[in-house]
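Next up, some structures in structure tokens.
In what comes next, chain A is part of two complexes: it sits with chain B in the first one and with chain C in the second one.
The block that comes next holds the complex of A and B.
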């Protein structure tokens, strides 16, 4: 069974900035507390990881880049691109996140 | 307590040692390099000195949007006095002649009163009066000015027609969420706040990440945000009192040399908005905040985005064109004003 993270339900409806020092519910905090552990768990169980972005107020670029781009910079492997992103409310975010991860992989 | 033989240094001695130290001299040298022509930073200074301190007179039209030069001169005077004032002197803000005032000017007065470091360091006493014009006085009241100053004769009332000036230091998602709820309550477009929320959060994050330098910033780190419901739109103002976009962005060597002779602040703001690689950090994955704000401003729900920082002013038009020009008087900090179309 795939592992699903609904950010609005499992983390916050009001995501913050980039780093922890920027304030609560930052991209860095989300990556460290939820995204990276769930990614490792999905890897260990050989399951799909699905992230649902719907239900919140919105996402700043800094939050998404630090969370997903940061994940790619840590993992340094193409397998991060296997994460499924669902966003019915803002489909453009799916492309943006893929671009952040790709750019992070190319940079690392 | 064991006597170590060391002499206890008083606060005044510590300040003296720090002022004389090599570290401080290096900082001053760096600061003067950044602003070589201090006279151009403060123009048309006329200070009224009284027995107890100084008085600064606000112009009749106190609006950064409508009356830039006079309004910025007024703020520059206040900041200049804050820097030259001696301990326990008084600064009197004479607002009696103000007939027209806009919320961003009210916000900046609050920022001066609360955040200027030298006012706190010299324990300057800030006083003032409210405008004689009832309409102008109402703007101060509605904006929430009296939440930040002590005025026993004014009872602060809050109407549903605005989110009164709020401030903070970090990216506050809960406040941004409340602002989005407010917009939805006053607008027919339900889902459009999805683009507004990131804009507010990015501005807050930028303030935290880039705006302040401990030894260069004249003001303490803080941002201010205000929203006002109008018949056809919701007006937003976001202010940070940092050192400004033109000072914090990356510049090439030639640009650094050129700026000693020519003011190009507006050009730097435009460049940062358009996504030229201007991130201060120099990292590939950074520098996305301002371009994202520029991109969002192209949405049909956002109009008339104005950015003012340092001596640069930029108006972002719907077709993506940015009209830019430079001011005579510098604006300390960065201000974003925009309209959310209902």
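The block that comes next holds the complex of A and C.
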């Protein structure tokens, strides 16, 4: 069974900015409290990790870059690219997130 | 347009020349078949043109919707009380409309223009995204926000003219 994170249901419908110091529901906080632990769990159980971006009010670019790019900078491995992203409400975010992770991997 | 006019005039002339002959209303099978083929080909071609026109009109409506989004004052005049949700929803709406343009605009050779719109929309999105929790900054950034939006607005006029 894949591990699914629905950000709007499991975290917030109103994601904030990049870092915790910027305000509540930051990308950094999401990564630390939900994304990274679930990624590790999926790895341990050898399951797919699926992130559903739908159901909220939209995302700031810095939230996504800090969450997903930040994850790639921590993991430092192409396996982060195996995460499945669902975004029917804003499909372009799927490409954007892939680009953040790729760029973060190239930079690390 | 010229070809159908010439053909129509030719047929009228032939009709006039043959009007008083005995076999004026007689027609053989080959002529019937030819007429039928011509009618069906004309029908298919006209339908194709109509569909193309409808797609252009739909694209024009989409472009107008984008313009409405970018020229609204609320897109660049942000106050301390502006809710984060309004900012992110507006950004999402803009991204989605441009995504549709990208998908359906290829047929009309608009790739470069749409790439431009996408770049400017990303610029706008980055400013919002980087300061989403700092409404004080955003409230003082009307010009910075308006810059890419004005460029989107201007380019859309050019695209509209290219479409038709």
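Observations
The working rule: the second predicted complex is superposed on the first by the 108 of 108 C-alpha atoms of A that agree within 3 Å, B and C clash if a C-alpha of one lies under 4 Å from a C-alpha of the other, contacts with A are read in each partner's own complex, and residues count from 1 in each chain.
Keep this in mind: contacts are C-beta pairs under 8 Å (C-beta built on N, C-alpha and C of every residue); 3 or more make two chains touch, one makes a residue touch a chain.
The structure displayed is predicted, hence computed values, not measured ones.
In the superposition on chain A, A:92 contacts chain C only, with no contact to chain B.
Set against each other, chain B and chain C differ in how many residues of chain A they touch, and the higher count belongs to B. In the overlay built on the shared chain, the residue A:62 is in contact with chain B and with chain C. By the touch criterion defined above, A:107 reaches chain B but does not reach chain C. In the superposed model, A:22 lies in contact with both chain B and chain C. When the two structures are aligned on the shared chain, A:12 is found in touch with chain B, with no touch to chain C.
Across the two superposed structures, the residue set of chain A contacted by chain B and also by chain C is 13-18, 22-23, 26, 57-63, 89-90. Across the complex, chain A meets chain B through its residues 12-19, 21-26, 57-63, 65, 69, 73, 89-90, 100, 103-104, 107. Residues 13-18, 22-23, 26, 56-64, 89-93 of chain A are the ones touching chain C in the complex.
Chain B meets chain A in the complex at residues 170-174, 176-177, 180, 191, 193-198, 201-202, 204-205, 208-209, 284-285, 288-289, 292. Within the complex formed with chain A, the residues of chain C that make contact are 84-85, 87-89, 91-92, 95-96, 98-99, 125-126, 128-134.
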